[in-house]
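Okay, so chain A shows up in both of these, paired with chain B first and chain C after.
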Partner chain A sequence: MIRRVTDDTMNLVLEHDLIASNVKGLNMKLMEYIDEFEDVSEIILDMETVDNIDSVGVTFVINLYKSVAREGKFFKVVHCSEDIKQLFKLMKLENIFDLEE
Partner chain B sequence: MQIYDIEFFSGFAEVDKVVKEVIDVLKKEKIREFSKVEFRINFMLREVLNNAVEHGNRFDRTKKVRLTVFHDKGILLFTISDEGSGIEVNRHGINDFVLRERNRGYEVIKNFDFDVLLDGSVVKVTLNMRKVR
Partner chain C sequence: MSYVVLVADDVRMNRKLLVDILNKKVEKLEFLEASNGVEVIELLKDHEVDLIILDLIMPVMDGYKVLKYLKQNICCEMIPVIVNSAISEIHSIEETLKAGATDYFTKPLSVDDMEIILPLKVKNSIKMYEQQKTIKRYNEMTMNEIDNAVQFQKIMLPRSKNYTDIDLSIKFEPCIGIGGDFFDCVELNDKTWFMIADVTGHGVAASMASSMVKIFFRTSLQQPNMSPSRVLTHINNNIFEFMDYTGMLVSNYTTFTGFVGCIEKGQLYFSNAGQPYPVMYSAEENKIFVLEESGPLVGAFEDVQYEEHLMSIHTGDTLLLYTDGIFCSGNKGDFVNWHLVHTYMQEHGEEINKGAEVFLENMFWFFHMLMNRGEEDAFDDDVALMLIQKK
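Up next is the complex of A and B:
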């Protein structure tokens, strides 16, 4: 996961599928970035490279959203595939955070 | 006809490898409109296999998970078993409540047009391509 900060936005760009075998590493990476959330007003999760996801991956996104919301910051997910968008809708996550093309 | 059969040690990395293999095997089957269900099968397999690793075998790497895949004229059957103690089934059989208790992910699988049958430590998942929405 790559972190890019521009102005008051932090982009977290995923580089691999959001699946159980990758989530442990992602959580460790996130621990490095989490203190910097207070310096920005918006955190964007970019899922352009994610083809596959599982429940563990979905939980990662939900926990990330919770961490961001706790800081009172705005959170959205961008560039997710049509399949993943459908899955998020099925799980009613679109009511919790924004999903953008 | 059986098209895939594997037994593997309990780990998420192994699940990832197996799911990729199964998808490759299914692609070779030249199933009509497979692209429509590829993501769903991928999600379903990860869900059920991760559960077998985590809740069934409790990450005990000495315990194995077995996956067998059958294909017959657009009907796919996935049988997954682990070495855990399984799920208690009441005398009325498996119902939605049991499925919810096991994992919310099974609700999604059912919404993806799969039929799921839990029988102790064995999970049977069927997908009939003719019924896919």
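Up next is the complex of A and C:
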């Protein structure tokens, strides 16, 4: 996961599929970044490279959203595939945070 | 604690030489001696051996055959074998190492071999064998615990059964080890309640969580004026009440997709929390209806209210509930392939009339083959199929 901070926004760009075997490493990276949330007003999760996601991956996105929301910041997911949007729709996550293509 | 080294050589002087060197250079060793391969095998029956130093050319049974025997027998396959032979051709060395020998020395041993290299290799081999035995012991303990958990999971889940208002058929295939799929069915005051759920992740934690879901499901049914949506809300509230994730970034141990249904007087009430859309097959119309209603995962967000839905259910109608393990291989991006289940029901739904158990078995193997698995290959995830036929 690459972190890019521009102006008031932190972009978290995923580099691999969002599956159980990758999530532990992502959570460790997130622990490094989480203190910096207070310096920005918006956190964007970029899922352009994500082809595959499993239930552990979904909970990673939910936990990230909750961490951001706790800080009172805005959160959105961008560049997610049509399949991932369908899955998020099944779980009603589209009502929880913004999803952009 | 001492370690036992078995020295096998048909020449007594060679055995004595090795024993003398190692006795001098390595602490805590005991020795057994054999003059041919048969004696090696006999000694292994009565003694715990930590290392074998093996000559290749011996009468009765040679060292090649001994090595082959050792590596083919589960009781002694891990014992390290250092070959000490007069044969110096590279082909023999290569074949012996390929057959599983740990190391190879050629006779006669040089002074450096005797004084330094052989004693160190003996020490290293014994140490590695100790580590392997420790890993094996821990693996056995872990597998034993998993076996117990699998048995526990089996007794926790219902089996196919005829109820007053419905017939329930189940096909459950847990992945290797234990997982987090859960289903239940219970009759209560003229109502038939059922639930299917899939806890995030696999393994022991998911299995523990699925046990918890069962308790929450059953206790929620004891509350007054319950409905499927209230059951999901009740379980969600319980999770946030009883689980303390304070200071933890990860909170997925008690997150799950779930579907709760209740059949009463020809009506099906249901509520869905992210479970792949169930399918109703109408025998009368030979048609399927996809229950495309859903809600957020249970255990993900506090204060969630789930939506309640209602449809008529007639004699002969059959509801199929399933977990994503049936259509999702985990590595092909096929996590939204629930439409394949719907298509299967569209094309094969009428086969339910020939027998629900056979239908579920056929469906299971259809998807097994669809995901390019051989007969011996297990699914990567639990597979739970639940067929509810209205009487």
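What we mean here is this: the second predicted complex is superposed on the first by the 101 of 101 C-alpha atoms of A that agree within 3 Å, B and C clash if a C-alpha of one lies under 4 Å from a C-alpha of the other, contacts with A are read in each partner's own complex, and residues count from 1 in each chain.
Simple rule for what comes next: a contact is a pair of C-beta atoms (placed from the backbone, for glycine too) under 8 Å apart; a residue touches a chain by one contact, two chains touch by 3 or more.
Since we're looking at a predicted model, the values are computed, not measured.
Superposition model on chain A: chain B and chain C are shown in a clashing arrangement.
When the two structures are aligned on the shared chain, A:Val78 is found in touch with neither chain B nor chain C.
After overlaying the two complexes on the shared chain, residue contacts for A:Leu93 are found with chain C alone; chain B is out of touch. Once chain A of one complex is fitted onto chain A of the other, the partner contacts of A:Val13 are absent, as it touches neither chain B nor chain C. Contacts of A:Asn63 after superposition on the shared chain: chain C is touched, whereas chain B is not.
Touch counts on chain A: comparing chain C and chain B, the chain ahead is C. Once chain A of one complex is fitted onto chain A of the other, the partner contacts of A:Asn27 are limited to chain C, with no touch recorded for chain B. Within the superposed three-chain model, A:Ser55 lies in touch with chain B and with chain C [touch as defined at top]. Shared contact residues of chain A with chain B and chain C: 19-20, 52-56, 83, 87, 90-91. Those residues of chain A lying in contact with chain B across their complex are 17, 19-21, 52-56, 81, 83-84, 87, 90-91. Interface of chain A with chain C (complex): residues 19-20, 27, 30-31, 34, 51-56, 58-60, 62-63, 66-67, 83, 86-87, 89-93, 95-96.
Interface residues of chain B facing chain A in the complex, by the touch rule stated above, are 11-13, 15-16, 19, 39-40, 42-43, 46-47, 50, 103-105, 108, 111.
Residue ranges of chain C in contact with chain A, taken from their complex: 198, 200-202, 249-252, 255, 257, 274, 276-277, 294-297, 300-301, 324, 328, 330-333, 335-336.
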